[in-house]
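Below is a structure I'd like to ask you about.
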Amino acid sequence: MPITPDQQAEIDALRAQPTQTLRATAPGIEGHLYKAYEVLDHGFVRVIDYMGDDSAIVQAARVSYGAGTKHVSNDAGLIRYLMRHWHSTPFEMCEIKLHVKLPVFVARQWIRHRTANVNEYSARYSILDREFYIPAPEHLAAQSTVNNQGRGEVLQGEEAERVLRLLRDDAMRSYDHYEQMLSQDGQQGLARELARMNLPANVYTQWYWKTDLHNLFHFLRLRADAHAQYEIRVYAEAIAAIVADWVPLAHAAFEDYRMGGATLSAKALDCIRRMIRGEQVTQETSGMSKGEWREFEGIIR
Amino acid sequence: MPITPDQQAEIDALRAQPTQTLRATAPGIEGHLYKAYEVLDHGFVRVIDYMGDDSAIVQAARVSYGAGTKHVSNDAGLIRYLMRHWHSTPFEMCEIKLHVKLPVFVARQWIRHRTANVNEYSARYSILDREFYIPAPEHLAAQSTVNNQGRGEVLQGEEAERVLRLLRDDAMRSYDHYEQMLSQDGQQGLARELARMNLPANVYTQWYWKTDLHNLFHFLRLRADAHAQYEIRVYAEAIAAIVADWVPLAHAAFEDYRMGGATLSAKALDCIRRMIRGEQVTQETSGMSKGEWREFEGIIR
Amino acid sequence: MPITPDQQAEIDALRAQPTQTLRATAPGIEGHLYKAYEVLDHGFVRVIDYMGDDSAIVQAARVSYGAGTKHVSNDAGLIRYLMRHWHSTPFEMCEIKLHVKLPVFVARQWIRHRTANVNEYSARYSILDREFYIPAPEHLAAQSTVNNQGRGEVLQGEEAERVLRLLRDDAMRSYDHYEQMLSQDGQQGLARELARMNLPANVYTQWYWKTDLHNLFHFLRLRADAHAQYEIRVYAEAIAAIVADWVPLAHAAFEDYRMGGATLSAKALDCIRRMIRGEQVTQETSGMSKGEWREFEGIIR
Amino acid sequence: MPITPDQQAEIDALRAQPTQTLRATAPGIEGHLYKAYEVLDHGFVRVIDYMGDDSAIVQAARVSYGAGTKHVSNDAGLIRYLMRHWHSTPFEMCEIKLHVKLPVFVARQWIRHRTANVNEYSARYSILDREFYIPAPEHLAAQSTVNNQGRGEVLQGEEAERVLRLLRDDAMRSYDHYEQMLSQDGQQGLARELARMNLPANVYTQWYWKTDLHNLFHFLRLRADAHAQYEIRVYAEAIAAIVADWVPLAHAAFEDYRMGGATLSAKALDCIRRMIRGEQVTQETSGMSKGEWREFEGIIR
């Protein structure tokens, strides 16, 4: 269970104290504030704070373009225009701060997104909890045979049970030894900054993560994508659901142009033009490699 | 006058509409929201939005250091500790968005602070107003004779008048010609993106500028410093006054450790140790160059 | 003339002194080092230094993906794969340092690319030269009637002459006054940091600009684009020509996927699928706005 | 042993092939190129490439300050001036690319330095080697009793042996199970992206890491500091030794102003002034907290 009763009481208390502000508020995200949305077996995503809403994007764009934005009839149209033409700065005018609990191997992917502010729980200062990610049986997948970084079939029977047992036993044993090494009961007790090295990458950590909407969309595009590892994708999906309530116009444009869209090469565009004119185009006549053609077909079929 | 009656009415309307929020609010900055603080002859600084307060800094630090922060008795002490030890990430958890109207030559210095989000009024899209910075007589300074990038005495009499007349006349004439070139009355009218090149660097522009508190402090340290050019320093000072109300504990620590503090070299520290022991140290026995010794004396005398 | 005989002699001297290095060298760019490629009437682009080549991209990718990259037959294929799938970090392993002389209004657009290192000539410290960008007659364009930020027809006859005269006269007069204000001949002399405010935005400045290949490609995609302002586009084109010699494989992939490619929305992809199946799709049945449909037709026709 | 004979042969081959270049070369670092400097039990640091030298810093500063830099007599003096006055951009004009092999828990600290380019070995694509960091007995330290994030005494006798046995056994067992889960011998074989979660944080990873000299100095200041964890400090020290040969003037300035220097608060400066005048200042009369006073005494005694 990711949230203790104490933590839930704290969340309830925070949610019971509305204050007055002159700032722009986004009603759609107020309902999410502080609540813990469970992800994986012990993880969660919580919105701690936010700045701005759809109007803040429009407002920033109108500062930049002045009278130049007047011909766009409405906010939705302007936001779609900005997204379509890669005008990133207006989206940077919105900011969100999340509290995330996540396995270390997920955190290691996540942190590669550099344009963000992070405060992570420090295992130099403090002792980690006995919480490890153990995949649900339906997510225990074999190595893909076609994709070097992907998953194939779900593991079956005996093998699945063996893997789960190994993961659980190793996690518990590592944690037992972590505690034994730290213990100051009848011994000196190993430094925390050293003892932590014994913990496997499925141990849970947590952090505050703050970023702007443009960079968040970039994160979501890569991590909510079907090719992302399942264990980070579920975090991205939980966040995307919150974003849809926070900035519904921007999120809809993002869905259309980024998540549902595709970037096509000059070669691919040329093939499309030929195909629309009725020409039969094959991989051989496309100028693309086999892998590229396969991806291209995935997009246009 | 930097603010038109229409703009003032808009500000009043925004300030008349408090809403409820579950977010942390910082009462000290709510009183500043939207208001235009005049800077220079036509410029201003306005707070458009903010995220976080002193508690948000403490909260982020406690996520990172867990039980490790318990021994620090209170928030003020913890914030001072974080500032003293260059723990920058907790300060990054606060964010502020400003609307600034400023001369282009100030904007050119300001933009060198890269870790910020900016939407500037675009002179490709829109027509700039006839507003130019003309220094007040008491800020019309001669070139410093000791400092290549500094100011010396205030210009006097005839010379001061001549300079002001040149600045005013050139600004007005440039703007007249800007308008003439743009005009579509009986002619095609030059493209805005070209016509703007005729405007001098004291023309006013405006932007939305958003940054986190850590980077804002860095900006303030450099730009509110006595060596900064007067015309950007007044903006930094106006912002610093707002920050003091927004995050009073963090601002007090910043004043003590950054604005009022100094970084001393190993050589300088060695001199200090000798001087405290009663030794007479001179530039010759200090190991420092003359320029460095002069700066050192400025700090310790 | 952008380069003085002294500067040319310095360039020749630098090019006459090859040294030995164990670093990877890219023969294609060695021939460009230090040379000044003229841009606009007084500007230039010079390569001062570089790090890496096509192999450095491949090498970094192989560190990341290990055995996972072996199935891609060759360097060109791997680089195309990385570009297609937005793997940006391998491209960040190459770095270039340029010396650029450019008008201030171009510099103001350029500096918006934040992920770069810049040292600009400081008009607080030093005196700017009497050099201003005056458009060639064929680039003196009217405001576009369809695009708020674009150009239309070239100005003709009387109007063109009048505009050029205004730009030239204002530039010369501003500079005369700049010199008069700075002068210490029989007067105190205005501080340089103040006098510069009288100079219009077509005055030339210069800087060292250093960035990695990923961010350079991002810059080129936006600034070598047909919608970029002509005066920055010519710089982007001059740089692109150098990049083509520096990292020919990466540049070819960039041309195919970014410059010649297009990002299509989910709606647009749906239309394409319908059109390939032989369906007649119109703006009305596309689900797109008029502006969006016009852009879509521009891509597929 | 961190380097295999094959890898050594590759290094030797790279070092046997000097080429000619027109770029600036830094002789002091050429001797380090490609060589593996051993760090910890299986780690290393290797210089893969570099751009610039001390002269590049000076050159960039002179572009910025023009005639304004002429009064500084020489390169060493100018570089000291830049460092003393926090002029960071000239140092950004130098760049270095390293190949580092390091334990995952060290990598997790290191990656917090965001202004860098990184390509890390991917355990989604490829299989990690059986290499784990096991501290040497003299680095097996107890938790500090005074510092929440520090180390105290070295562990003794029985306890030390027990800790080492636990670390070694858990590492080996985890790796055995990692291999068993991955194996496709008579079973499907778990996906690599899942199996890796069983490996503890002392497993070795590797990456290419590229950054500019300003950010590298920032990294070294924090990570070569006495308060940094030993296991990252040894990497920082190995890098610092290379930097001293690469840019000796900049490194000397860095040592004096950053590593050997200290930042003092306004309160601390006031105490120093009083002490130099002969006044007896105690914690009680200093205005500092006990912790702050203790740190202050550490600096001035």
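Just so it is clear, A, B, C and D label the chains in written order, and each chain counts residues from 1 on its own.
Everything below uses one rule, namely that a residue touches a chain if its C-beta (ideal position, glycine included) is under 8 Å from a C-beta of that chain, and two chains touch if they have at least 3 such contacts.
The chain list, named the UniProt way, goes like this: A, B, C, D = Flavin-dependent thymidylate synthase.
These figures come from a predicted structure and were not determined experimentally.
Listed by label, the chains that touch subunit B and also subunit D are A, C. For this pair, subunit A with subunit D, the centres built from the Cα atoms lie 29 Å apart.
Rounded to whole angstrom units, the spacing between the C-alpha centres of subunit A and subunit B is 35. Counting partner chains per residue, subunit D has residues 65, 67-68, 118, 122, 125-126, 148-149 touching two or more of them.
Taken pairwise by the contact criterion, the protein chains are fully connected, each one touching every other. Of all the residues in subunit D, the ones that touch subunit B in their complex are 65, 67-68, 71, 77, 80-81, 84, 86, 148-149, 222, 255-257, 259-269, 272-273, 275-276, 278, 289, 291-292, 295, 299-301. Across the complex, subunit D is touched by residues 14-15, 17-25, 30, 33-34, 49-52, 56, 59-61, 63-69, 89-90, 92-93, 95, 97, 99, 117-122, 125-127, 206-208, 210, 212 of subunit C.
Across the interface of their complex, subunit D is touched by residues 103-105, 108, 111-112, 114-115, 118, 122, 124-126, 133, 135, 140-144, 148-153, 155-156, 159, 162-163, 166-167, 170, 173-174, 177, 180-182, 184, 187-194, 196-202, 229 of subunit A.
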